[in-house]
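The two complexes that follow have chain A in common; it is paired with chain B in the first and with chain C in the second.
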Partner chain A sequence: MSGDTTIDAFLSQLPGTLLDGLIRGLAYVGIALGLTIVFGMLRLVNFAHGAFYLIGAYVGLVVSDRLGLVAGLVVAPIAVAIFAIVIDYALLRRFYDRNPTSQILITFGIALVVQEALRLIFTGTTRSYIVPGWLQTSLNLGFTQYPTYRIVFAIGIVILVCVVWFFIERTNYGLIVRAGIRDRIMVQLLGGNVRQASTVIFALGGAIAGLVGAGASPIYSVDPNTGFNFLVPSFVVIVIGGLGSFWGAVVGGLLVGELQSLTTLISAPASDIVIYVAMALVLLVRPSGLFGESEIIRG
Partner chain B sequence: MKSAHPTRGQFIGGTVAGAAATLASINVIAAPQKEVVIGLDVPLTGPYSDQGTDQVRAYKLAIDEINAHGGVMGMQLKYTIGDDQTKPGPAVDNATRMIDRDGAIMITGGSSTGTAVAVSGLCQQKKTIFMATLTHGDETTNQSCHYHTFRRYNNAHMSARAMAQTLLSKYGTGRWFHITADYTWGHSVYDNLVAVLEPKGAKTIKNVLMPLGTADFAPALQQAQAAHPDVLVITEFGKDMVNALNQAAQFGLTKTTKILVPLADEYMAKGTGDNFANVVTTAPFYWKYYVDKGQPNARKFVAAFIKRYGVPPSNGAETAYTNIYQWKDGIERAGSLDPAKFIAKMEGYKFTATKEPGEYWRTWDHQGVNSCLVMEGVPMSERTGDFPAFAFAKVLEVHNGESVSIPQSESKCKIETA
Partner chain C sequence: MKDWAFYLLTAVGLALFPLAIHPIGGYSGLATEILLLGIGAMGFNLLLGYAGLLSYGQAMFYGVGSYVALLTVSRFFPQVHSIWLALLLAVIFVGLMALVIGIVTVRLYGIYFALLTLAFAQMFYFIVFQWRSLTRGDDGLQGITSPPLTLGPWSLDLTTRLPSLNLGPFGNLNEVTYWYPFAAIVILLILAFVRTLISSQYGEVLAAIRENEERSVFIGFDSKRYRIAAFTLAGALTGLSGALYGLHQTSTAVDTLDVDTSGSFVIFTVVGGVKTLFGPLLGTGIIEYLQNVISGKTDAWRLIEGLIFVAVIAFMPRGLLGSVPRVSEFAYQPRFRRTEPLTEPRRVSEGIILETKGLSRYFGAFAANSKIDFSVRAGELRAVIGPNGAGKTTFFNVLAGLRAASEGQIFFKGQEITRMPGAQRVASGVAKAFQTASIYPDESVFENVRLAALARVQGMFAPEFLRRSGRLGRVDDIAHDALEQLDLRDVAALRAGSLSHGDKKRLDIAVALATQPELLLLDEPVAGMSIEEVQKTDRLIRALAKKMTVLIIEHDMDLIMGISDSITVLHQGKVLAEGTPAEIRANRLVQEAYLGGYAEEARGASAPGASAETTP
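After this line comes the complex of A and B, so read on.
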């Protein structure tokens, strides 16, 4: 009798849990997307990606407090893209051809400097966004009542994925970028500016992180540690999906989101561990991740 | 043949040198120590960093006041500070460094029972006083009580007993769903609430344990929503509670379900704003209540705090401030920095700080026995004064500490004798 009750309770909670996993997974997709594009195109292991998310979250906070959420969502990616370009010119382009250890150290250093600078400016207090009234409501989806903002956020991430895919796969500029990764010298001989393309890709990765930072913060709030909190699962996502793979980030993100959500239904404390178990299993079976490492290049 | 006796010159020289050495050694022993060091081991990062930061403000205020009035037994009070990251490991590392390297003779701090219990164990080993500040789990002065540790903050047993009547009258005995922080404090609060409510007929549907530092409570809130409980208990603290309650509001749960947050402070209320309206909670201190009541020490403390920092103190800050003064007074009553003499003067000591008169340190578990406030959040539109974000509640009941504290017969505390 009680077994039936437990199964009934489990089944009644399943649709909502799956939806929740989908939304959480899409958040991971948004963050992992920039990370994997930068790695795929530039072969740069960017530990500063969490800092880009954080800058976007704080810029979005300041702007949306004064001009509204939409303005925050517009300004945040632009600000982070500019920051990324400055960092690229000043520091990172000296490290593109260095070994991964140097890249990790320099990007990790940037992440720490950004995090502590933001702590000095905004203190360690958790900050919440002011969201328009209609987005604070919840929608009745029949099987569950779900926050409107989370649904809008998820739709936004789907649109973002489509736009980024279109840019890389269907524009002339994307073609130069992909070709530059395969044979940099040949593209330069043909008149393509690979150096500029690298900067554009790094700025694009930053802009995506900044946009997701501003978009996700009304859900998760923001404090100076938020960047690292999202960076670690995002690395798990791209390792599962395949380093540098566009669709790997998408599938990996959704997989990790659903896995965490479903685990919470059974045992919430295990939900933090389960993603690392999944990563280990994937690496055992497919060491290069589910989608290999160069899906984006193969087009 | 060389004489075995010293020459006159050797004798005089030796005598002078001996006298000088003796005088010098007397001077070393007798010279008054000019300063004394204490260690502030608090979370400046992690989910409880708002609380840790506010405690540091109060510590600094108390230390500066004490130094301005002659210090502790004539010694200037110095501090060393460490960020425990809301984790027991770094908290213990900090305390070890403070004691061994910096010469701290007292450690204070902690915004988590997890860190407090760990630091308390270390301080017992090191025979160093630990004035635990913001730790609410029973364990600190129950299963893991120690001779060198004192905890003045209310505990989970006190909160649950203090709230019992209010919960039954305001929330009823229906179906209760719990979202609980998965460490010793969360477990302690959950156990106490269930022990109080279930005998009265309340039914616990489910308890979802969430790891410390969780950003997304949606999976747990989904389950709560599907279960249609009468009451949702959010036993989370700091940023975790801010996220949990704000997300509960996004899920529409604050409109359909009564919410209980067993322990809250000013920064949690600030982070949740109107979502905290009508939520019942407990706290050991509420600045507005004691200022409005005219408690002279509270008025002085709150005014000094606002003057220096521009905002009122949180309840953890009040405990931090009082802890420093309690330690100073204990040392001065003992007339010594010897921990054993200090403890002897603390046990059973009655005093009036910033709350009701007559609070005291219990001898057998070193728990501070003082009042527990049961409060209810008020909407932003009904708040008055210069600090509406911090003027978050009205006090429903004030329970005498004695009436809600765990009796010795029920406690597992077996305190050491040294």
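After this line comes the complex of A and C, so read on.
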């Protein structure tokens, strides 16, 4: 094979690969968003975030099998939000002020329990969603054909990012939440309910993960390990973007998605590892991430 | 407990263990497997329990250890076929690997550290998985003949069964292979090592760094090197665990490097009890035993494991053994004695001891310190005052090395120290007492001061892994002397966290003093003290100032005007005025600065006696 044809093959795969990377990146953005908000606002390192994604994916699966995909997309985030509130009240409250190590341990434990409970219920096999017919087609984007569902998913994530941004930056409730991060006691003195705000944020983070779980599973399908498989890249995303940073999660997510996708063009197995290399480099050169504050949070 | 009694009891326990596990349904090899995995858990406990580092990457050490050992036997040195060589190479290789990864990772904390170790583990998983010619990828290494245990001319096949001896309900002795006694001896040695290590000088300093890293650095310990050493030891032990387990199984596979393996060590250690000697072994035993008994009967084993883990963290965060109440640790009664004459702290310098040239510190665009030129003669007691936000504390932090200077230079005893790390500055004679007392709340008062004296005598890093933290005469003397000078003798045996506010602040000064500084930085030493305490502390500082150079930040103008030789006034990050107390009191610029910023303090500055309430 001559060099030219290799390059031609490479170029012909490039648009599709870039699009795949974009979609994967957007999925990461959706998951990382909840992770970074919960960290930014509650200073809670949530290893159970992948479990939220997983619950959303399975609830969405069950509901959409019976009532259709739209119903699944509505019920999944609600179910996860309820689960998050229960977990918050039952367990996590007492860990808010503990060191990150304890937080990682307890949320890791919760993730383990959720994952294994779901494995018992749904077995370890990979499940895929039934998607309505019109979403199974593909659209001609001029330069390539691309599955309609993926395009709709991408638009959905963009809308989600806008809604979350609006909630945090432009509503009164978001103001209380933002102020609560800076100074809990002051907000309480002013009459704000920080405790309630913490729960709302935790539930919101969960709901977003649940929604993304239900939305992304028609693309990536679901098995009990999916939660962890998405959690770790999402942590990589927010570490690269800067822990607690909204735009860090967005930019980091897209970067990681594209990086993984483009690496498959060179070496498919390496795509699993490239994000770790990227994270290690970022941590060593700029530990606070691309958008992070300059001080490292100590534990 | 006496040493011999401890080892005797442990040996008896280990001898009975495989028998005890029989009637409750454990298979014959389980006891061996528990001990071998337990070594890795004990290593991890050094990290999580004693160094406070949560690594999610122990699998890389465990897995690589098993591969190196099995490859040594089957590929590298098949003709030698020695178990010792296999273990030695595994431990050395994994130890070096841990050293390098430790140097890179211990700069980070909490979630960053956990994720970075996880990232490294994933990279090693990838390497082992892809390097098929060596590791056979997915298939792993199978059916490796385990070498016999050799000792000189003597050789023993570890897979041989023990002699037949019927023990009734405890089964037959011949169900156990010689692997078990071998594993038991290894674990006994490792228990002895870890037990010595945690009560060694190294272990003591490591625990101190965990409790208060900032203080540990500013009594002169190089905290990073202490943590790197812990990471390396933990890695080597985990590698040994993997090597032994692999040799015992005669096989290994790439999933030994899996995230689940890292998670297992976390679970073993946390369930059994972090920061306890036997906790990790106990946790390994319980989890492995339950898995063995339960996973055959139901699919729910992993769920049950998760539930146990969550329950332990939520309801007994110190783990099973850690929750057992312990005898008070403050049995030490201080005896004030001199073993040898106290060495004079240091050669007293003359002339200018500290000088800064154009020193600036920015936070973003904000200049907390701006082009400060400052010099202090040896033996002087210099006060640094200024309205709130003038940059006083930042100035001290830059001098001590707590924050880096953005511009300019610092000279101490004529040598430039601008880029010198904090611990090294302490070693060369700069000590700092903090605005909010920085002490070890869970240690005794004496132990607080003793740690500082230890740093003075031992230097920044002393890997004394095996030397018992005995009462080194000289260290004790320095500590006693520091306590005496701050009038803290009577409370020496108390828990530092239980002291009154004033005593805590004086303890903080005593800790700084025990590093035998030439230059002592005191950041608001009397803030928040009662009038009696202020008077007492005033006296004590005057006495200290006779022996060393003292720089003091204080809002209490009575104190400042009374004790200072000279005063530097900072305002908006710049030096506004400098002079004797009388000159400063008469200085119009100073009066205006205080009036401009804060009317109350202005009265305090110009009218001594009305200032105590301006301190928070």
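List of remarks:
Just so it is clear, the second predicted complex is superposed on the first by the 291 of 299 C-alpha atoms of A that agree within 3 Å, B and C clash if a C-alpha of one lies under 4 Å from a C-alpha of the other, contacts with A are read in each partner's own complex, and residues count from 1 in each chain.
Rule of thumb we're sticking to: contacts are C-beta pairs under 8 Å (C-beta built on N, C-alpha and C of every residue); 3 or more make two chains touch, one makes a residue touch a chain.
Just so we're clear, the structure is a prediction, and the values are computed from it rather than from any experiment.
Shared-chain residue A:105: touches chain C; no touch with chain B. In the superposition on chain A, no contact is made by A:132 with either chain B or chain C. By the touch criterion stated above, A:269 is placed in contact with chain B and with chain C alike. Legend: residue contacts after superposition of the two complexes on their common chain; A:12 is shown touching chain B, with no touch to chain C. When the two complexes are overlaid on their common chain A, residue A:283 makes contact with chain C while staying clear of chain B. In the superposed model, A:219 lies in contact with chain B only, and not with chain C. Contacts of chain A with chain B, set against its contacts with chain C after fitting on chain A, overlap at residues 269, 272.
Interface residues of chain B, counted against chain A in their complex, comprise 44-46, 49-50, 53, 182, 206, 208-211, 213, 215-216, 218-220, 222-223, 225-227, 239, 242-243, 246-247, 249-252, 267, 271, 273. Those residues of chain A that touch chain C in the complex are listed here as 45, 91, 94, 99-102, 104-106, 108-110, 112-113, 115-117, 119-120, 228, 232, 235-236, 239, 243, 269-270, 272-273, 276-277, 279-280, 283-284, 287, 296-299. Within the complex formed with chain A, the residues of chain C that make contact are 48, 52, 54, 104, 107-116, 118-120, 122-123, 126, 129-130, 213, 259, 263, 266, 270, 299-300, 302-303, 305-307, 309-310, 313-314, 317.
By the touch criterion given at the top, residues 9, 12-13, 16-17, 19-20, 23-24, 123-126, 128, 136-138, 144-147, 149-150, 219-221, 223-226, 229, 260-261, 264-265, 267-269, 271-272 of chain A touch chain B in their complex.
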